[in-house]
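A quick write-up on the structure given underneath.
Chain nomenclature is as follows: A, B, C and D, assigned in order of appearance, with residue numbering initiated at 1 for each chain independently.
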Amino acid sequence: MEYKFNFLEQVHKINLEKTDDLFKVIINDKQEYNISDVEVESNLISFKAEDKIYNIYCYSDKDKTHLSIDGENYILEKDKTSKTKTGEQQKGNSVFSPMPGLLVKVPVSVGDEVKSGITLAIVEAMKMQNELPSPRDGIVKKINGKEGEQVDALQVIVELE
Amino acid sequence: MFKKILIANRGEIAIRVARACKELGICTIGIYSTIDKKSLHLRFMDEIEWIGDSPPLSSYLNIDAIIKAAKQTKCDAIHPGYGFLAENELFAKACEDNGITFVGPNSNTLNLVADKVASRNTVKKVSVPIIPGMEMTCTDLNKFKQAAKEVGYPVMIKASMGGGGKGMRVVHNEKDLGKSIAISQREALSSFGDDSIYLEKYIEQPHHIEFQVLRDNHGNCIHLFERECSIQRRHQKIIEETPSPVLNDKLRIEMGEASKKVIEASNYTTAGTVEFLLDKNKKFYFLEVNARIQVEHPITEMITGIDLVRQQILIAAGEKLSLRQEHIKQNGHAIETRIYAEDPDNNFVPSPGKILYLSEPQGPGIRVDSGIYQDWNVPPHYDPILSKLIIWAENRDLCIKRTTETLKNYIILGIKTNIGYLKRIIKSPSFCRGNYDTHFIDEHEEKLLPKQEKLDIALIAGALSKQVGFAKSAINFQKVSTIKSTPWQEIGKWEICGQ
Amino acid sequence: MFKKILIANRGEIAIRVARACKELGICTIGIYSTIDKKSLHLRFMDEIEWIGDSPPLSSYLNIDAIIKAAKQTKCDAIHPGYGFLAENELFAKACEDNGITFVGPNSNTLNLVADKVASRNTVKKVSVPIIPGMEMTCTDLNKFKQAAKEVGYPVMIKASMGGGGKGMRVVHNEKDLGKSIAISQREALSSFGDDSIYLEKYIEQPHHIEFQVLRDNHGNCIHLFERECSIQRRHQKIIEETPSPVLNDKLRIEMGEASKKVIEASNYTTAGTVEFLLDKNKKFYFLEVNARIQVEHPITEMITGIDLVRQQILIAAGEKLSLRQEHIKQNGHAIETRIYAEDPDNNFVPSPGKILYLSEPQGPGIRVDSGIYQDWNVPPHYDPILSKLIIWAENRDLCIKRTTETLKNYIILGIKTNIGYLKRIIKSPSFCRGNYDTHFIDEHEEKLLPKQEKLDIALIAGALSKQVGFAKSAINFQKVSTIKSTPWQEIGKWEICGQ
Amino acid sequence: MEYKFNFLEQVHKINLEKTDDLFKVIINDKQEYNISDVEVESNLISFKAEDKIYNIYCYSDKDKTHLSIDGENYILEKDKTSKTKTGEQQKGNSVFSPMPGLLVKVPVSVGDEVKSGITLAIVEAMKMQNELPSPRDGIVKKINGKEGEQVDALQVIVELE
């Protein structure tokens, strides 16, 4: 059985092969592991990998698998091989809010010429203000949202021409 | 004693206060904003009142609405918690005008300690050293420039009503002054409902050490020793411990006595904190008085055995302090780590959202002051604090080990938290040696990045969970008949299906 | 120091011991029976070994299997916890023979303290008062009859290897003697793997008070004050507190010194408990030595700040006790309530089964030593203890209030538990006054029955949950669009559908 | 809407009527309550009854609703109006184990004459032995289960003629 996960923008391939009580796992066609003693109980998955026991808390939803290993969390995303639009936007033509929050200020107007790095919007969430910088030099094409309004996570606030 | 207290706050501190009230036989009135309708703190209240829409200015900073709720429910006192209106003299005044006891110092004292300049003059008179800085709050950029020149850059801009790092900015040169002032003002307004700011000389490489003090209306005053709060990010404390690894007994006594002098000179009552900076030559400076119960108060409770919120309420009710300075001892060691909904691996972006799975640690020496539950949606409108993990142990080494092990067993899935980040700090050699100042976070930025050492294990677990999740849905069709005699086993027992 | 310890137990105590090991940098080896494959304690282990089928005799009482597991995993020590093989000299001997350190006294001492008669003779020599009784264990009914006649009815039959009330029976006349002996023997065999029993004069209206002692291999010995354990049902402790409300300082010192004498005279090492009965005239009698860490050890930890399991392991490793008697202080008050899977409203019938919902309390002064989790199936094969709630507070009154409030917030659904029953005991006027002896439960049987005062409320909640459960299934079809900007709110917010 | 629950062998009838934000509740055609501020969040149901707030933890499965109110648990059973066979048996003709456990001893044999109150079986669970007494005078008709075997909850162990 082959699984693919996206972690920090990288795709990882996991091959699971079951033989008797063991799983043989190959990660990215390279790293091999022998996994035994697999147990699952509601939100805990435990197994032995190379003689070490792991107890891993786990929650899977549609798109993501959330894991906690020794206090460190990992979020594995379902691999969608085609690059998302958001990813594109981030790199080039717009500024979006990384989290839901309050749009505090948009210090530019449509038609303004802006330099790379200049603040295009300030979003506040959980009492912290975050300045969203322009990804490049350009001209402001469109502004979505008004000062004082709530914005969604990943909502595009300022688009560049 | 009071009959009913309105708790003008939310989250873990509202619950903390409610516990103290219940133990005193006082009824608790909770308040909530629209989005907090299902927040955990409401489960600890005898009555609840809606006080406004979700944004803080409409609700938890809405003095009129809160006073109205208190009058409607016939409360005789209001406990403000920390943050929001906790140190707002207008709020204290509104309570006084309506015959409601504000659990905290009175509005005059709040005014005095909030006015950092007046406060500094008061402190000067009783010979406690202070940091050079502005003589008043203002909005005039030129006055800021002049003051900055006088004390010399770098300088620190601070919110008058501030606390918790909100509205604070270090400025290294005149060019950045204007912008920083603007940001500080905005943050101050949104956090405290007041945009007054001021400026002070910035002490480099300092330890942030504060002393907990209690003083009653009859002039009795004690301190409950220090808290070391130098692990800060953007002037926001994230880990606190007591005793401080850098104080010696002589300095501890000196600073403790200085704290009491400050509190007495301000005619301050109930629970307060006197903050100091300690420079590398172990010279200390008065910083400010925090006129509230603080986020980090539990570590003091753990090593002294004194319930600070209980004392605060008793004093507000006019009782005499029954504790004597000579009876207050530091027993063992305590560390608090603040659990935030934020993503430390991505510039600490706030991470509100749904908690899909929660398992909070428990056991010897473990205290969790929590404001969350599984399936709850952490709202984006408020401070990202989710809970506090407070660990007590016989000594510092053991306390560090226990904190590390406990953080590993603090499971929050669904939103990003700083748990892994806290663990990395606690495990770092500098922290373990007790060798750190307020620049620890900046200096260790690289070292504190996640190593993703267990990525392969995570990938294996992810794949197995998918595989097994598939098997799980088949369980209804599969009867386990081997151990007929224990029916619950049939429900619980199931094996990985073969391929 | 040890590198690896096998923890020969399950449930909360296995976890408690694992924590202490981890803090000492020792690897933990867990064991499990077939039905315990998914038990919580295994999550705290670095390695795990299956040691047999579910019945205790096949697994947790299976000396060979446990020794084999320890050798296979190259353990240098075994910690037995409490119950099972904790005080079994054959087990200690098997450890000794295999070069594995048994964390407890050596097999000779275990033999001595297990032999209650020899133990009594030892104690007599150091002038500690004892209860009159049989001079040896036996199975001969006539000898029992004779001994009973000598000391006079009522008498108490006890398991030699006993503890926790298992195998204990009070007998009021000769007619019942035979039957009680038979039952005691069966229970003793099944609980301890040894059916030796003996007889003792039954002291009426006594307080059960025990002293915690630590003694190292170098002759250093301290006591850590008393635990009041008089709240018992069928000789099974269910609530313990310290300090005892009936001891005064003079008696406390006397009994503490007597405890140390007993321990020293038995050449006992590691952690042990000396049990006394205190009669209504405040005269105390030596009862027995419990040669193990006890269920109720946490209350001593809470008021002294000493980690007893850690000390036990340090001593077993040959280290010198670093604690001195004069440094051990009683600080505040602690109460433990034992949470059992049983139905107090139906003659305490055991209630194994699936835990459908679990919410364990947390906060200031609250410690939960737990062995359970939501969705786990509590097996029927073992002791019904699920967890222990240990509360610390500044004084007894506050401790009682805190315990009451906390029990209200300890939620276990799916199986029956004694939580409500414990709450009724804690709230009873006699308990609050500290005015109770070991007959408290029997004398208050009627008063402790559930009142079902909130039945109407329960019925309303039941009906609403059905009604709303119906509405809940419709939520997927209902879009909440009013607060567009906060997507998580859409997931979490929903209202009762109209009829 | 009408609901029926069985609690401690008694049937209770609850009438729920919704009017605007309120529920009017009538219990067993007598007791009336006005319920407001009903909120449900996963396992918590909260409401105001006669000016007092209740926060009640709740789990419903097919047959039972488990509730925790101020530390006291209530288990409401679905009302099955026809009396269960078990109930009958308990009163008259047999002895059954109240919980799952180990059948330690059956001190009687088929054909034995037994008196009311005499021990017909001993079942052990969680280290406690429970003696199951005969409900009446009678003759042992059948014994189900052997000493040393596991028995289910409610499993009939000894039947009387």
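The rule is simple: contacts are C-beta pairs under 8 Å (C-beta built on N, C-alpha and C of every residue); 3 or more make two chains touch, one makes a residue touch a chain.
Predicted model, so just to flag it, every value in this text is computed and none were measured.
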Chain pair, C-D or B-D, that carries the greater number of C-beta contacts: C-D
Maximum centroid distance from chain C, chain identifier (CA atoms): A
Inter-chain centre distance, chain B versus chain C - centres from mean C-alpha coordinates, in Å: 36
Mean-CA-position distance for chain D and chain C (Å): 29
Geometric centre distance via CA averages, chain D-chain A, whole Å: 49
Contacts with 2+ other chains: residues of chain C: 38, 352, 359, 373, 375-376, 380, 483, 486, 488, 492
Set of chain A residues in contact with two or more other chains: 41, 100
Residue ranges of chain D touching chain C (in the complex, touch as defined): 1, 3, 5, 7-8, 12, 14, 16-18, 23, 25, 27, 31, 33, 35, 38, 40-41, 43, 45, 47, 49, 54, 56-61, 65-74, 76, 98-102, 104, 124-130
Chain B-facing residues of chain C, complex: 15-16, 19, 22-23, 35, 38, 298, 301, 305-307, 331-332, 352-354, 359-360, 362-370, 373, 375-380, 393-394, 398, 401-402, 405, 483, 486, 488-489, 491-493
Residues of chain C touching chain A in the complex: 37-38, 42-43, 45-48, 373-376, 483-488
Of chain C, residues touching chain D in the complex: 55, 166, 183, 186-187, 190-191, 341-342, 346, 348-352, 356-357, 359, 380-384, 407-414, 416-417, 419-420, 423, 450, 452, 454-469, 472, 492, 496, 498-499
Residues on chain A engaged by chain C in the complex (per definition of touch): 39, 41-42, 44, 46, 52-53, 55, 100, 149-153
